[in-house]
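Same chain, two partners: subunit A is paired with subunit B first, then with subunit C.
Moving on to the complex of A and B:
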């Protein structure tokens, strides 16, 4: 006998998913919460066993409210299909789960830009460095440069410094005034700006060199990262020695599940593809709510508020006015932040013919250029067909954004939502073992 | 292998052509090439609404074989296979055609009878075919589980050693480059939206890039053929079904032949880089949605893992589906239509990749001489009114 479907399945137990699950349970719904991690918390509350993270009280508060929630940790949702009853979620190493509605809170992951030398050992995504530090307390180097753009460079730099790593420089590609001193933003999300100021203070205390309007154009080294080349807005260049390079170019929302269910996507201010939601977190697909990073990158507080709002909307609660206002304010701030932290428009000019763009299929930039210039590919889909970037293990999770941008640039334009969509749809959502896929 | 620098020009369409081919998949490209090469007809355009070879040509699992049951089918597929054997050299392009052998498993007594019958029918048609018993199957493909204690025990198999796989994009590019070099215009992003028919004769196509006059119009639009033919007032007895396939992470070489099972509705090969390519049977329902129902593939992979238990931990990175067009007798349609000057090549269903050279060859000949090529005669559209059907359903439930 198949069990009754749950009222709602929440996918992802980061700030958004925890907020959604707690609120939905509070409203009396029968909730199942599924997350790939063994412990809840997502990107934000990622921590070693027994350790404590930032804003721990909020985390503990949420955790206490999960009493009635059925939790399935340590498993990935690799497929969701829609049927008469609602939705069937297929999980790795676990029986499928059915639910009448879904709240998708899958978060995002580091956006990667292939710059010369980015594939050398010692170069990591900023989020990856942060995760290593939070979960294992280990620093994978002695002397670090943190480079890219956006407020998330700061916590990474501070965390590295706290772990005893010499942070030689933080290179922020954009001017910072936009998000650090945006009065609107400060009003809209007080905790956020407070955090930014706190990190800035911590960096000052540790004498971390903080450069704005400075881009990292290359990482050099013989077999591993030894130094980075930085270029400032005035054209001056310098080389700084480092054996650890943390690159943060913002985030790419995880859209596999929303797209699988037919939810529409759009281009966000920072050039990422994000899921379309209304002011109450409804996606354009019936019964599918989306919250957190997948709707646009905006930090933990906003993700949490969105998750709660999604659950209350689903539960039909009449008391969402304040939360809706808070989400609206938070989104405004997040949008300002994203607008202030674009990926530098000229980044594709740093590429050389041999810079590897797609690591899985080992496709260098030269092949993409040839696909466009010699074979006439005029969009990302065609480039993918002719040169095979994004066709390997990661299915474009890593190189999708970059390939879309490169294909557009080689055709004299900027990437469109369609360019990005060429890499965003994935079935299954993650590589899945045949024995998990097969019915037995 | 890297493809050569120059593949094809990207011309704008002229206002008129002797022959307009609708659809730039494998069949359209091959047809254009043979029109130019075999018949000297080079004032030809291929109109492709999307990207060259971005349709089922990009989605198929590239099994090539010719061991079909009926004489008519065997003849055209064998003609195709012979062309495959010289094609890399002819097109001067490495198509990675690998004659590694295709096994068709038999799981029950009717399968065994049918397999033996097919092997002997093939031999009489001059097509290489062997019957292997279970032990010989195990020897030929050691990783196959031939234990009798499974849902689908292996009782034997037919083997065609000359059968195998090729690399689909290389095939498309090879034909495209060669056709282009002979003067054919390959026009991408050009959708045919209608036909101009004057006194029962087609005179032009209407396209997203304007009107293009044509002496002859040849449809090679695979799954979209019914929709197109409808615009010319022709009802085709074709049904569209989703067909699914999947590809795994890269593995060391473990499987050096192709294994197909009609009963299990599944087939497996290991492609050139090391990824497993597996396909499922056809979905029962009609649909134009590009995703097949997942239960189909789940069920079939369950059975496939009994045959290949060593693959259970292998991870699937992608599944996809294409829409295939199938005629009531599961055989293709090639030849003239009731509209003069309008030709059709469709209904290749789950198995048209292997037919690419052969189909292009006979279709080009049919167009050039304005009558069906002898190998195409049995596959005429009017067999559905005369009743001379060529039923390939039974031959293999997965007819790749």
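Moving on to the complex of A and C:
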């Protein structure tokens, strides 16, 4: 006998998913919470076994409310399909789960740009560095440069400094217009009782050199990262020695599950593809709610609020007015932040013919250029088909944003939502063994 | 704006036609509403097969096409990863083996090279043991279809063709019955002849000229595995039941995958056949069957991971034959569409035949079985 479907399946146990699961359970719904990680918390509350993370009280508060929730950790949802009763979620190494509604909170991953030297050992995505620090407490280097754009560079720089790494510089590509004092907005602290971390103060205390309007154009080294080349807005250049380079260019939302269910997507201020939701976190697909980073990058507190709002909307709660206002405010703030921190428009000019764009398939920029100029590829889809970027193991998670931008630029335009969609759909969402597919 | 020939559609069929027409000296303009190979040509596989075809006009066209890929286009094969790796068809039961043997005999009589194989494992070391019999088809080959389409168009451009992407044909220019060009969103293009190479959408294009060409979508899913060591799978391998599936008119889901390695190391497992209109929703049942059958043929693949799947819509006609040639109902309009699950393979022969017919050269094959108006006669 097939078990009764759950009222709701929440995918992802980051701030958004935890907020959704806690609120849905509180409203009396039968909830299943599925997450790829062994420990709940997502990107924000990533922690070592027995360890603690930032704003831990808020995390503990949420965890206490998950008593009635069926939790399936360490499992990836690789396929979601719609059927008569609702949805069937197929999981790696676990029996499928059915539910009448889904709240998708899959978060995102580091957005990467293939600048020359980015594939040298010692160069990492900022989120990856942060994850290493949170889970293992160590950094793979002694002298670091943190570069890119946006507020997420700050926690990484501070965390590195705290771990005993000499942070030689933080290079922020854009001018900073006041947000440095309060980088995550009024919603920054998931719990009002906890003070927002004052990153600027922390950096000053540790004498971290913070350069604005400064871009990283190249990483140099013989077999591994040895130095970075920075260029300021006035054109002056400088080389700074570093054996660890943390690059943060924002995030790319995970959209494979929303797209699988036919939810519409759109282009956000920061050039990312995001899921379309209404003021109550409903997607354009019936019964599919989406919250957190997948609807637009906005930090942990906004993700949490969106997750809660999705659950309350689903539960039919009449008490969502305040939360809706908070989400609206948070989104406005996040949108302003995204506008303030664009990827530098000229980054594609730093590429050389041999700069590797897709690391899985080892496709250099020159092949993308030939696909456009010789073979007539006029969008990202055609570039992918003709030159193979994004066709390898990560299925374009790493190079999709960059390839879309490059394809557009080679055709004299900027990337559109369609360019990005060429890299956002993935079936299965994660690689699955043939025998598991055969038994699905 | 005028041309000798306007080709509607920049899929592999339109590309091959543009290549052979420009090579025959025609001034060609290709008009495509999306990008290069935006349709089915980028959503299928690149098998060039004679092995799966029963004797008849399609097999004749396949043999002509394989020769065209090998000879007329042979100098360029490297551009589209042409590889004549051969096909291996296996049967698991004595009945299957008998059916395979009689098919092979009939094919041989039509000019197909085929050798009986007592133990298929001699050809494919990773095949499941205990298969009843096999047949080896050395002519079977493969190309990368998007590269084939893109390079054929590039070569056509070098021979004077003009390629207009993002340009949808919205109607035809007429002089009485005569088709004298196309209307597009941007401009009218007058032409001596217009070729409908719009693949699965060819029926809609034909309708713009008020003629019926019954091309419909037949959905297929393909699985792509993680890269495997060279030589894991050497041929195009499939079970004998596949041939029955290809020829079947059944709307139900049918599977019997062709398993093959690619230049990049990935293994392609495809494809299903199912008539469900243009439905893009993922079918767990289709994925399950493909995976199960591939794992049964090649136990080594059991633990190999599938990185992605994709789907496409084959352009099929009720009698499973393509539509190739001039349309007497709308003089000046020609068709090259409806190649179903073999359009990549058949594109070279189709292009060759059309260029011959358009320039009045002697035909390498009789076009009568592919006549555009044949469905009216039947009705």
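Keep this in mind: the second predicted complex is superposed on the first by the 420 of 440 C-alpha atoms of A that agree within 3 Å, B and C clash if a C-alpha of one lies under 4 Å from a C-alpha of the other, contacts with A are read in each partner's own complex, and residues count from 1 in each chain.
Here is the rule we go by: a residue touches a chain if its C-beta (ideal position, glycine included) is under 8 Å from a C-beta of that chain, and two chains touch if they have at least 3 such contacts.
This one's a predicted model, so the numbers in the text were calculated from it and none came from an experiment.
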item: Side-by-side fit of subunit B and subunit C on subunit A, or clash; value: clash
item: Contacts of A:74 with subunit B and subunit C, given as first, second, both or neither; value: neither
item: First, second, both or neither for A:376, with subunit B first and subunit C second; value: both
item: Which superposed partner A:342 touches (first subunit B, second subunit C, both, neither); value: neither
item: Comparison of subunit B and subunit C by subunit A residues contacted; value: C
item: First, second, both or neither for A:26, with subunit B first and subunit C second; value: neither
item: Residues of subunit A at both interfaces, subunit B in one complex, subunit C in the other; value: 79, 81, 90, 374-376, 381-382, 385-386, 392-393, 395, 426-428, 431-435, 437-440
item: Subunit C residues touching subunit A - in the complex, by the definition given at the top; value: 35-38, 42, 146-147, 150-151, 153-154, 163, 165-166, 223, 225-227, 264, 281-282, 284, 287-288, 290-292, 294-295, 301-310
item: Complex interface listing, subunit B residues touching subunit A; value: 2, 5-8, 10, 51, 53-54, 58, 169, 188, 246, 248-250, 291, 294-295, 297-299, 301-302, 304-305, 311-320
item: Complex interface listing, subunit A residues touching subunit C; value: 79, 81-82, 88, 90, 260, 262, 361, 371, 374-379, 381-382, 385-386, 388, 391-393, 395, 426-428, 431-435, 437-440
item: Subunit A residues within the subunit B interface of the complex; value: 79, 81, 90, 367, 370, 374-376, 381-382, 385-386, 392-393, 395, 426-428, 431-435, 437-440
